[in-house]
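Two complexes are shown next, each including chain A; its partner changes from chain B in the first to chain C in the second.
What follows is the complex of A and B.
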């Protein structure tokens, strides 16, 4: 009896102690403004403009309300402020529901804002407990973040879910917030994000495309990689799904374009570094197994001689492509997006200590030697192209 | 002769309390005895006092309660042999007893009664008492009563595969059902009488050398310390001899299935049968026993293992699903996948109540419907299911009072609570669900986890007749897992059965 009484007392004390702390953060689902995406732009007078894409649950079809068509599924709001939190505070004043960042899957940096430097908002990402690290960072290309977030999208109810799915599908290049912050704080690697642009502007077919990468130097955007270069970047960092090359093998003829298309199956990349005072030297060897996916030449890939020739030509052409991309990234953008500095750090930790503070200056001068070796492993269902005339 | 030690205890005490003591001896005059009996049984319309001549010449008097005695047995088994027997001369009660016992084949169980108290005892138990002129001893005959129903399949423990009949309200028949399955003299059935007024027969059944003697002694001790006027169902016993009467968790299994009982006996468990109750108690049990059925052992062991895991999973759902839903939707919205979060938010849009109130309304409604389903007369039962389906499924959602996901949660929880075979366990889990929901609504997942830990601490503290409730998980025993986490194939279980004795002691 006394034991039960004691237990009751303890329980009562525990319950009341829990309640008087005052941090009762119970929030019903319908009291939240679920932010699906946010964007950051800079205004002419140097203020930050924050744009939020907020989901409207009433616009989403459910068992009770069929339809939802015709109703808007998102609302996009913008506000200016001297800092991101100030702007967000202004937005909160327009809303009856609490801004909730727990489901934010996409963060868009406006191109202009990215060129200006990102420091102002990055701290807010890491400090806000609700903000999730597995959201994707994208940089707008040729438009502001506000325009991107105001862009309707046909395939998904909520446009930012469309962006999120495009990023998570592994078909393209994607960078999450934590990866971005990691690269930003690393001395041997520069951050890079995918770049989003609006296609078919001012027509009824308007949509997004994520076919470029935004390359940063420190916290400032230094330029964009073209679609062909993005493919090579993806190969380098090991995202080899859907990496395809089309190579001009033979001169164009009347019926044949003379091109061969291949898709990566497996690849291995080895980086070797050597430290010679004052500038390190880097060798990168690419080895890949590919399969032929379209053959618009008269070549019969079942013959081993032809195969060898094709492989050599493939390797050579891709090597040229990689080298020209390296020139663009290294000499023009001066951004170490491949993490060469990190490689030197791993292989020569003591030498790295000496050069790391000067790395941004040294990096554009580092000679990088590229060696590509490609084997065609599969030729698909047919060996000779079906359209080649039989001669016997 | 059976021991009658139970009779003099609580029964005498109760009679003293009521100022009703029978002191008188048996007189040698039949008229005096008739008067005494009629005084004792005043206003008992079912008392029959019948004068007859024993062995043709000796004047005697048979007394019994009409409603308890089988008419045919009375005629053929008692009256006929006694009255049609050729006359003999009897000079002492002992001689008459011998005549009754050895010469009359069809006479059942004659016993000598020495005083009125004993006689009254036997009459209320349905025996026929024979007084003989000029003897100060009486004889009693156990002409058993007629009142019992047919063996039927227990409605609450139906099986697809397995025997169809279950225990009934009659102790002797229940004992027979067990004896039919375990044919060994090692199967012991000890009888006690419990209850000051009801004088209920309670049988302790166990297999000697397999069941630990310490547990048998402990059960006997606890049974004899019961001080109650009436024991009408085994539920009384369950509560009165439980190690932890304040705990919602059952430390005894009640069942109507003779096969389950026999299996438990072979495993070294002790079984309690209570006259007048078809529910037989098995003890000691562990937490996991509450999730096993007799059928587990009749089907393929792989499938039986899968079923057990399904039960564990749904027992967890029955316990914690509503509280997890409340915690996640009101505190940890970031845990829900984005698209699910959106449809949950959309479903909640029109609902006026917070999630906890919604959950409490629906869970209470569900429990009420369940209770109503049990109480309602059969023909009306259909109505309640239709009304219930309409109330829960259609109206509540369409009226926008309750959100659709909440209905799904409540329905899964409701179904889950029926997957637990032991009704006591199912009730315990349904009961704990409610405080868990309140914890979830005030402290989120943190509260749910704290409450679950509290439940776990309670569970590991429980004991059933000295056996830790959570065996074989705590204390851990690897061989014990073969019949709790899994239903291992028989060749492995048999190996374990040989160790049962050591395990329990």
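What follows is the complex of A and C.
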């Protein structure tokens, strides 16, 4: 009896050992094709073209060797199909390793595809178990996603790691895939992504730059924000590292251009909304503490009178910039990228219930009043520019 | 001969049964019904669960040292008592396969997509049979050990998510969902937080049966507190536009965690929480089911029931076709409309009222 019991126990242990190894899902590094970035384009006949940037096993940067070495470190493959998964399936047939999306850090939407509407591929981002939300979404500007992913980049071995670092450094505008999906599924906000373009095309200095934002209406790209407008968008959403403004303070002279550059230190906005009649009203007040970073005038920034004048002029000029950006976004692109609808939802939840279904039609008509208040907190180490000849 | 449980062990057992499953399984129905007010729903659910705990402890303390199987027949008479027991047996025999299946579904969806579910199920069934074979005392000790780990892991996931917070996600409070939405959202978590009803069964194993009530209340309150905080965190971090269509929002929240640029993908943390709580919950239920069945059928050795129940639950767990059947249908068609009102509130209430009414008539209180 005891012997039978012992045998049972041993058998149970063996079964356990066999089961807990999880061998069915064994994935060796050697069997995986690590996808660093994927891109989506549309072809002329309406098919989807998927481009994958796959890290070459030998090209993965080690601690010793970083930076471009001229050696190829990625493979870029493209395939067409009626859906993204079909195209990915075709790519899989060209590979000896299993496609693995767990490390994908960048998703590129081709401009033309984005204008056409993105629904076909979006679902897979949240449905696939191994797909994570920490990847960044960028939209290509003036090129296809395929061109972007085929673009070599000097500073990093793997170009998409370059894109990923540019996005995660917070020096520019960045949107993660979950933020994008969140805005897309929200009634009171339109999605926006950063936009990437290729610089110095057809020369040997080709590289990319992320200096614009792609504005969506629903799941369709409706237009781009220029670099100047992007700064204001970043101020609005509170990502204000490295946001700088240069304003014309005095008329241009022979020696001086009359400009002053400032950088945002602390900033914020306050939004108030009112719903009296069917069309809501919105007031936005921008405030910021800035520091002067370059002074190309003869002005002495230590004098409080001059400071006041500078501050007023600064506020006024930025106010006009914001107003013109609002006209562009609100009247031309018609996308609520600032989440004004969400603000109305929060402040007037009951009124919002009545207007939310018509929000895309109402939004372009909403009057937005802008008010800017800027204080200079620091002026750097100097008062007047030090190289100015003292006259007295 | 009797196995003994301490108050602290009871606290951890109920806490784990309530916390882990509620966190993982019931946030979605709440978020669907109440959107950003889901945390209010959880508070309401916590109050319902406290009521359940109150009724269960009151009923169990009428006849300390006896299990539900014994005292329900004493209180309600043989036939009515037996009917009540059958209702509970149905609950126990269905919840075990469903939880097993939910466990294997989640493991397959999130972790091991290639592994056949039979293997995952078999592993868990063997494990809980082993744990249950040791008796309730062993399960109590396991809970005592795993409970603090689970709480620590929940706190870890919450703290690590703090840099993803968007405060505005929780606004506007109340206006959108209203009373109906909040109440509707409270049902699913209430039915999961109401697992303290099983106190009816295991109160008899406590070394001091009459002193168990504070531990049961404490467990329900602790679990509710953590579920409320976690729900708020999920709303703060992911928002209510996406969460209602996710199966496991708590998991998604931990996947978003990214600290200092190199601590990424906290997936392992909720897996620990989940597996540990499923293990405790299944063991407790398996114990209750086998012990209860044995008493009900007057089988002398309750352990022999295990060899019958284990294959049955394994086969039953294979029946649901997909996640929707295992999770949503069971929850919406049996657990919320039937178990929550009948097994968790009406029957314990009946036991308390009839028991209290009959007790003064007896010359000596049973103890």
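As a working rule, the second predicted complex is superposed on the first by the 359 of 392 C-alpha atoms of A that agree within 3 Å, B and C clash if a C-alpha of one lies under 4 Å from a C-alpha of the other, contacts with A are read in each partner's own complex, and residues count from 1 in each chain.
Just so it is clear, a residue touches a chain if its C-beta (ideal position, glycine included) is under 8 Å from a C-beta of that chain, and two chains touch if they have at least 3 such contacts.
Computed from a predicted structure; not experimentally measured.
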Practice problem: Would you check which partner chain A:55 touches, where first means chain B only, second means chain C only, and both and neither mean what they say? | Solution: first
Quiz item: First (chain B), second (chain C), both or neither: which does A:17 touch?
Solution: neither
Exercise. Kindly classify A:132 by the partners it touches after superposition: chain B alone (first), chain C alone (second), both, or neither?
Key: both
Quiz item: Thinking of the overlay built on chain A, is A:349 touched by chain B (first), by chain C (second), by both, or by neither?
Solution: second
Quiz item: Touching A:186, do we find chain B (first), chain C (second), both, or neither?
Solution: second
Quiz item: Should A:100 be classified as contacting the first partner (chain B), the second (chain C), both, or neither?
Solution: first
Quiz prompt | Touched partner set for A:254, first chain B, second chain C, both or neither | solution = neither
Practice problem: Give one of first, second, both or neither to describe whether A:168 is in contact with chain B, with chain C, with both, or with none. | Solution: second
Quiz item: Between chain B (first) and chain C (second), which does A:34 come into contact with in this model arrangement: first, second, both, or neither?
Solution: first
Quiz item: Of all the chain A residues, which ones make contact with chain B and with chain C?
Solution: 15, 19, 24-25, 132
Exercise. Quick one: which bits of chain A touch chain C in the complex? Just the residue numbers, please.
Key: 12, 15-16, 19-20, 22, 24-25, 126, 129, 132-134, 168, 178, 181-183, 185-186, 342, 345-347, 349-350, 353
Quiz item: For chain C, which residues count as touching chain A in their complex?
Solution: 109-116, 119, 122-123, 126, 130, 168, 171-172, 175-176, 238-239, 241-242, 246, 252, 255-256, 258, 261, 264-265
Self-check item: chain B residues touching chain A - in the complex, by the definition given at the top
Solution: 246, 329-331, 333-334, 338-339, 341-351, 354-355, 397-398, 400, 404, 441-444
Quiz item: If you look only at chain A, which of its residues touch chain B in the complex?
Solution: 4, 15, 18-19, 24-30, 32, 34, 36, 55, 57-58, 60-65, 100, 102-103, 105, 130, 132, 158, 161, 164
